[in-house]
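Got a structure for you, written out below as structure tokens; questions coming shortly.
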Amino acid sequence: MSTRVPPGTFAAAALIARKDLAIEFRTRSAFLAAIVFSLLAIVIFFFAWDATAVNAVDLAPGVLWVIFTFSGLLGLHRSFGVEEADRAIDALLASPVDREAVFLGKALANLLFVLGVQALAIPAVALFYNLPLSRVLGPLVGIAVLAAIGLVSVGTLFSAMAANTRLAELLLPVLALPFFVPIILPAAQSTARLLSGRPIAEAMSWLRILIAFDIVFVVACALAFPFTLED
Amino acid sequence: MTTPVPTEDRRNIDWLLTIAVVAVTATFIRAIFFTPAEALQGLAQKIFYVHAPSAFIALYVAFGIVAVSGALYLWLRDERLDRIAASAAEVGVVYMTVVLITGPMWGKPVWGTWWTWDARLTLTLFLWFVFLGYLILRGAIEDHGTRARYSAVLGVLGALLVPFIHLSVYLFRTLHPMPIVLKPGRPSLPNSMLATFAMSFVSFALLFVALLRARYRLAARVDALVAEEEFEPAPMPNLRAEPIR
Amino acid sequence: MSHAITPIEHIPRTPHAADAPGARPAIEVDALTRAFGRRVAIRRLTFAVNDGECLALFGPNGAGKTTLLRILAGLLRPTSGTAHIAGVKLPGGAEARAVVGLISHQSMLYSALTAKENVEFTARLYGLESPRQAAMRALQRMRLEERAESPVRSLSRGMQQRVSIARAIVHEPRVVLLDEPYTGLDETGAAALSAALESLKRSGAALVLVTHHLGEGLALATHTAIMREGQFIKHEPRGTVELDAYRDVYREAIG
């Protein structure tokens, strides 16, 4: 027997995230679907609004965050689907890595998924809605990352729960969307401030909500995750 | 853990529920006929006697019970705690629905619009969605243990969510002043109104407890019946356990 | 532990790395009970499996066999009583899970990844020193080296099961738990599995083999047990009993 040291929580999380991304990269189905969905939504929103009555700059923040929310859900659906298909989750849980590591690994992969969608959707919105992107790119990326962390931590937990119910993926939006309110509202509001050329300091109270939400729910969801597993 | 199945109360009258219904009816009668109408708002103000106690009980009592018994369930794993949480959520949804119906009914004559994105009303609406999600989740799981664990997790996370939604909607409101026709400050109630209000509060609380109790008993009976069905007494007369090795 | 564990004399044993004087049995189960709500799946079960032994567990559906394996794998929590793997109490002991290999009729693989990626991922989860080589060794053992780079989804059911076994033994577990492992295996697969289990046993691993097939179970067993309604109703050394004779024993026990 060779020497072996089972990976610690974060090393194991990184392993699991890498595995999930390898699966996603191999199949590409969810990512492609999320990108196409985002582009479709951007175009449809534009035509659903009266462009002469409402400025594109006023419309964009809402569109951006509605799109991120729903495309994120597309990725989250699959997160535990691949584990349940052949009960790979059992092998994962029977291995010496701890359960928090499983949660963090799945959440990390989902985070990279959502950030990947955002990386393509933000320029697309800027292009179609003619937004002054370069001016606000830095803070906007910051808001996007903060919001994605919150979305993904709650979404990963609920995805684990939804995968074990009769309704499966239908349940995820019903459970998750009310929890996304304190993410979407601050993110959209601070994006609106940015795009209308106001200083980021004006959105500080919104950003504080976002940061507090991330801290509270990353910890709470990681602690709650073991309870969602059969024991 | 086994709760005895109260078979006899199928015929018995739920006295607590009866008293509660009588109390609520008495409150209505007093509020409609024996309490003066408010000068500024007129008769619409009487909705207050339904709206306010329902809101308080749904938002604080019902939600609190769901979250606390959920947390306790994850710790103690006692199925009675799960039943309490489920019952509180169902009765809570009913109360919250009353709040969401009476709110606009009061708002139309007083604020001049059915729905305003008033912070409190919005908070209630979002918590109503959390509660509905809770009940849909319960309906989608067969296994008792899984159902109890999942709904406990959702109940606890829901309690963590409340301050965040609260902050968000209040910040949203202060930054976007709505064209509200009239927002009355806290009126100093005359004594007769105050008495009616206190009475409505007590009677609605009593009704909540009575409904919770009735719903809990129903859940206990259903669980007992299900357990009987899937666990037929196993006769194993000729199978004697062999000593180990 | 209060109950005595009888040593086994008639089984030739090779010393195991974990074998030390006074070392505890690989698997110890004491008064183990597991209930799902009010349904009791396992009642007050007590037994032990030593290194190099194979307990073949027979019984009808719903007897509690799978529940027992899931408890031993650290996936389920006992309602009461205790279960120890290599002296570490379950669940919660990562040291215990590190020496267990779990095989079931479900492959527990990621179908989009290749056979090698699946096994290598497991090797990394167990912290093996050179995961890539360990994965290849395990696949060779299951005679799968030629299909190592094929996505699992493109493999036949039997081959998938062999990959799953390679995954479960890549870390040379001291305890191997098998839940109907022969389901869906072709002849090559079944032979490879039997050979792999035999060599694991000889190298000192403790095996618990749950199966409907008396023949397959008896071929590997050093001990047999029949499980019914959460209890062992016949638990004895394998001895020299023939398959036909044991079939009668089983029928009588199950009724």
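The chains carry the letters A, B and C, assigned in the order they are written, with residues numbered from 1 in each.
In the analysis below, contacts are C-beta pairs under 8 Å (C-beta built on N, C-alpha and C of every residue); 3 or more make two chains touch, one makes a residue touch a chain.
The structure presented is a predicted model; accordingly, all values stated were derived computationally and were not measured.
Chemist: Any idea whether A-B or B-C has more C-beta pairs in contact?
Modeler: A-B
Chemist: What is the chain whose Cα centre is as far as it gets from that of subunit A?
Modeler: C
Chemist: Could you say which chain's mean Cα position falls nearest to the mean Cα position of the entire protein shown?
Modeler: A
Chemist: Measuring centre to centre with CA averages, how many angstrom lie between subunit A and subunit C?
Modeler: From the centre of subunit A to the centre of subunit C is 39 Å.
Chemist: Please compute the C-alpha centroid of subunit A, do the same for subunit B, then give the distance between them in whole Å.
Modeler: It comes to 32 Å between the two C-alpha centres.
Chemist: Subunit B to subunit C: how many Å between their CA centres?
Modeler: So the centroids are 49 Å from each other.
Chemist: Can you pull out the residues of subunit C that are in contact with at least two other chains?
Modeler: none
Chemist: Which residues of subunit A are in contact with two or more other chains?
Modeler: 230
Chemist: Tell me, which residues of subunit B touch at least two other chains?
Modeler: Expected reply: 145.
Chemist: For subunit A, which residues count as touching subunit B in their complex?
Modeler: 154, 157, 161, 164-167, 171, 174-175, 177-179, 181-182, 185-186, 189, 205-206, 209, 212-213, 216-217, 220-221, 224, 227-228, 230
Chemist: If you look only at subunit A, which of its residues touch subunit C in the complex?
Modeler: Going by the criterion above, the answer is residues 1-7, 12, 15, 19, 22-23, 26-27, 82, 85-88, 90-98, 230-231.
Chemist: For a test of understanding, state which residues of subunit C touch subunit A in their complex under the given definition.
Modeler: 17, 73-77, 91, 94-95, 97-98, 100, 102, 104, 106-113, 117, 121-122, 124-130, 134, 151, 167-168, 171-172
Chemist: Of all residues in subunit B, which touch subunit C in the complex?
Modeler: 2, 79, 143-145, 227, 230-231, 234, 236, 238-242, 244-245
Chemist: Given the complex with subunit B, which residues does subunit C contribute to the contact?
Modeler: 3, 6, 36-39, 46-47, 223, 228-229, 231-237, 253, 255
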